[in-house]
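Next up, some structures in C-alpha cells.
Next come two complexes, and both contain chain A; in the first it sits with chain B, in the second with chain C.
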Partner chain A sequence: MSDNDTDDVRTDGSGTGIVSPDDETPAWSERKERTQGLSRLTYEYFERARREDQDLRQQSDYVERDVLAFPAWPHEMMRNIALTSFFVGMILFVSATLPPEMPNPANSGVTPAIILPDWYLYWSFGLLKLGPLNPELSILGGSKLMADRTYGVLANVVVVGFVAIVPFLNKGSARRPVEQPFWAAVGMSGVIFSLTIAALSIKNLAPIAPHLLFDLTFLVPIVSATITYAVLKTMREGYMFDLNRRYYRLRPPK
Partner chain B sequence: MADEFMKGFACLMVGGLGWMTIKGWYNTPSFEGAQLTGALTIEEPTTFDQIALFMGEAFFWFAVLGALTFWVVLPLVSEFQAYLNERSA
Partner chain C sequence: MSLERKDEHDHKGWMESRELTPIESVYLTVLIWLDRRLRVVDYLEILEDLYYKVNMQMPKSHTEQYNLDNKFWYWYPLYALGSFSTVAYVVAAISGALLGFYYAPAAAAADGSPTVAYDSVMLIMGQLNLGYFLRSVHRWAAQIMVAAVFLHMLRVYFTGAYKEPRELNWLIGIILISLTLVFGYTGYLLPWSQLSFWAGQIGVEMSLSIPLIGEWVAQLMFGGFTLSQATLQRMYILHVFFLPFITTAIIAVHIGIVWMQGIAEPH
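This part shows the complex of A and B:
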C-alpha cells in the first residue's frame, strides 16, 4: 500500500502501540485480511475510508489531532440513515398492511368492568394487590397495622426505592454475569418478579387460579434466581479456562 | 459466527413479519379475541387468497427452518468438522 504501512515498529507513540509478541503471532492487519465475505467488504470499506481521510488530512493544512474515530459525515451518518430508514420502513409497512381497527369511542357514562393501567404499569398495579401479605398483628387484636391500600402504596415505595439504589450498590469491576453469579441471580430474580407481579395484576384475566398465581408470583423469582446462580457458577470454570487459554495463546510462556 | 447469527435472525424477522401480516389478514377475526391464531375469516378463498394462505405457511416455515439452520445446524456441522480435523491432525 503506502510507505507508512511497513512492518517497522514505531516507538515514538505515533502508531497503534500494538506489537505482536513474536513472529508467529499474526498481526491484526493480517487477521483482518484473512476474513471473507461481508466482514472482508466492511474492512475494505473502512480501510479505504481511513486512507481517504488520511490523504485529505495530509493535503490540507488542517492540524492533525489524535482522534480514534471516523468523522460523523459520512460514516456515522450513513449508518444512522440506514437504521432510520429501516425503522421508518417497518412502521410504514405495518401500518399499511395491518391498520388497527377503530372501534366506537369510549362511553364516559359507564364504568368498565375491568379497570387496568397501560401494560407497562402492570407491575405497579400488581404491587397494590399484595393485601394477603399485610400482616394481622396479634398485639393489635388481630387487626392490621395499616389498610391494604396503604400497604400496596408502601410496597411501591419499597420496590422503586430498591431500584433507585441499585446504581449505588456493588461498584465492582465485574462486567459479565458469569463473573458475579450471585448478583446476576439477584438481577434475574428482579426481572422475573417484574413479570410475575405484572401477571398478578391481571389475575382476573389470567387462566390460573388466583391463589396459585399469588404463590407463584414470589416462588418463580426465587426458583429462577437459583437456576441462574447454578448455571453461572457452573459456567464460571469454563469461562476462566477460556480466558486463561486466550491469554496464554496471546503471550505463550517462554 | 456473527454473520451466521445475523442470517438466522434475518430469516426469523422476514419470515415472522410475513407470517404476521398474512395471519393478521386471514386469521384475526376481531381486535378483541384471538390474534393471528383465530379461525379463518373468509368463507370461499379465491385464487389470490389461496396464494396468500400458502405464503403464510411458507413464511412461517422459512422463519423456523431458517433460524434453526443458521443457529443450530450449520454451527453443529462446523463444530463437527473442526472436531474431525482435530482428530485427524
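This part shows the complex of A and C:
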C-alpha cells in the first residue's frame, strides 16, 4: 500500500460526504492518524497488526463463515443451561445428603486429639512436617540453618513456585503426555506426592508406622514417575510404529 | 477565542435532502442529539470494531481440521472443570450472602463457652428455616470448587495447555488457586469452633515462622500473635469483602483471556 493512495481525489461520488469545515480542522483520517510521540508509534503498530491479521485471514487454512460455529441461541445456551443445572443440582444433592457437623466451641485450654485444616490444605500442612529433611550443617557445628517451621513454610513457597514456572521450563509444541514422557512423569509424581504428603500430614491417623510413612512419602512419587515414564515411552514406540507403518504404506520403499 | 458558536455542519439540511423513512429519521435525530453532547461517534467506532471482531472469519479448530471429534469426545468432560468451578463459585457466593444475613463475627473468646459467632452458626443450623441446608450448600459448594480447581489444573498440565501463548493465564491460575485456598481457610475459621481455633493457631504459627516479615504478617492477617476478636474480625472481612472482590476480578480476567486465546484443544 503506497502513500499516494490516500491522496487521490475521489471522483466516483461515493464516500461519506463529510467535508472539513475549514483547512485548520483535521480530517477524520488525520485525527485518527496521530502525528507524534507514543501515540504515533501506537498507531503505526496497530496498522501493522491489522495488516498482519488481514494477511493471516487470507491464508488458505482459514475458513470463511458467517457464523462462528454452533448458534449461540438456542443451541449453545440450552446446552449451557442444562450443564449448569446439572452441576448445581449435584451440589444441592450432595449438600442435602451430607450436611456438615459442628464441633465444640473454641477452647484454648483443651488441645484436641486431631488438629487439621480442611482436606485441601493437607498437602500444605504436610509440607510443614518436613523437619527431618532440614539439613544439620556441620559448618554451623551441627545446627540447622533455619528453624524447622521456617523450613516448612519455605517448602510451600518452593512447591508453588515450581508449579508456577513450569510453562517457562517446558517449552515446545508437544501437548500429549505420550509426546513428552518426562514432563508427564513429573506431573504424575507431583499428583502422587500431593497425596502422600497429605497422608503424612495426618500421620497420627494413618494406620502405618510414621517412619515408614515418611519414607514412602518420597519413594512412592519417584516409583510412580518411573512407571509413568516407562509406560509412556513404550506407548510412544507403538505410536511411532503406527506412524511409520502409515508412512511406508503411503510411500513404499523401493 | 470568542464565545460565539462556530458554524455547525448542517445536519438538518443533510437529513432533509435525503429520503429517510420515519424510523431512520428518528434514529438519526436521536443519534445527532446524543452525539452533539456525548461525542458518541468515538464510541460507536469501538462498537463497530467489536462487531467486526466478533464476526471475524475464524480458523478451523484443531479438532475440526483433522476431524478428531470421534477420537477425543471422551476427554471433553475434563474441559468442563473450569466452568464447573465457576458455577460452584457462584453458588457459594449466593448461599454465602444469604448466610451473611444471620452470621455475626463477634466476641471471640476461647474458653470453651459458645461465643456470639458460634451461637449464630448454631442458630442458622438449628432455628432458621432451611438454615442447615443453606450452610451445607455453602460448605459443599466451597469443597467442590476447590476440588474442581485442582482437577482443572491437572487437566491443563497433562494436556500441555499452559504452553506458549498461555503462560500468563497459568500464572493467573496459580494466583486463583491460592486465593481459593485462602477463601476456604478464612471460611473455616468463621464458626469459631475447636477446629477453627486450632487451624487459626497453625496459621499464626506459620506466618510467625516467615523470616523477616513474619511478625508483621501475623499482625496484618491475624490481628496479633494470639487468636482474639481481632482475628475473627479480620478473617470475616477477608472472607466477605477483600477476597470476593479480588477473586471475582481475577476470575473475570482469567476467563477473558481464555475467551481471547481460545481453548487449547487436545492434539
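As a working rule, the second predicted complex is superposed on the first by the 148 of 254 C-alpha atoms of A that agree within 3 Å, B and C clash if a C-alpha of one lies under 4 Å from a C-alpha of the other, contacts with A are read in each partner's own complex, and residues count from 1 in each chain.
Heads up, the rule we're going with is that contacts are C-beta pairs under 8 Å (C-beta built on N, C-alpha and C of every residue); 3 or more make two chains touch, one makes a residue touch a chain.
Keep in mind that this is a model prediction, so the values were computed, not measured.
Undergrad: Could you tell me if A:L116 is touching chain B, chain C, both of them or neither one (first, second, both, neither)?
TA: Touch partner of A:L116: chain C, not chain B.
Undergrad: With both complexes superposed on chain A, which partner does A:P167 reach: first (chain B), second (chain C), both or neither?
TA: second
Undergrad: Counting only touches as set out at the top, which of chain B and chain C does A:P100 meet: first, second, both, neither?
TA: In the superposition, A:P100 touches chain B and chain C alike.
Undergrad: Quick one: classify A:V153 as touching chain B (first), chain C (second), both or neither.
TA: So A:V153 only meets chain C here.
Undergrad: Chain A residues in contact: does chain B have more, or chain C?
TA: Per-residue touch count on chain A favours C.
Undergrad: Identify the overlap between the chain B-contacting and the chain C-contacting residues of chain A.
TA: Touching chain B in the first complex and chain C in the second, residues 98, 100, 103 of chain A appear in both lists.
Undergrad: Could you please specify the touching residues of chain C with respect to chain A in the complex?
TA: Chain C reaches chain A through residues 6-7, 9, 14, 55-60, 65, 80, 83-84, 87-88, 91, 108-115, 118, 121-122, 125, 132-133, 135-137, 139-141, 143-144, 146-147, 150, 154, 157-164, 166-167, 170-171, 174, 178, 181, 184-185, 188, 191-199, 201-202, 205-206, 209-211, 227, 264, 266-267.
Undergrad: In their shared complex, at which residues does chain B touch chain A?
TA: Going through chain B, the ones touching chain A are 3, 17, 20-21, 24-25, 30-31.
Undergrad: Across the complex, what residues on chain A touch chain C?
TA: Contact set of chain A toward chain C: 17-18, 21, 57, 61-66, 68-69, 83-84, 87-88, 90-92, 94-96, 98-100, 102-112, 115-121, 124-125, 128, 146-147, 149-150, 152-153, 160, 163-164, 166-168, 170-177, 180, 183-184, 187, 191.
Undergrad: Going by the contact rule set out above, which residues of chain A touch chain B in the complex?
TA: 37-39, 93, 97-98, 100-101, 103
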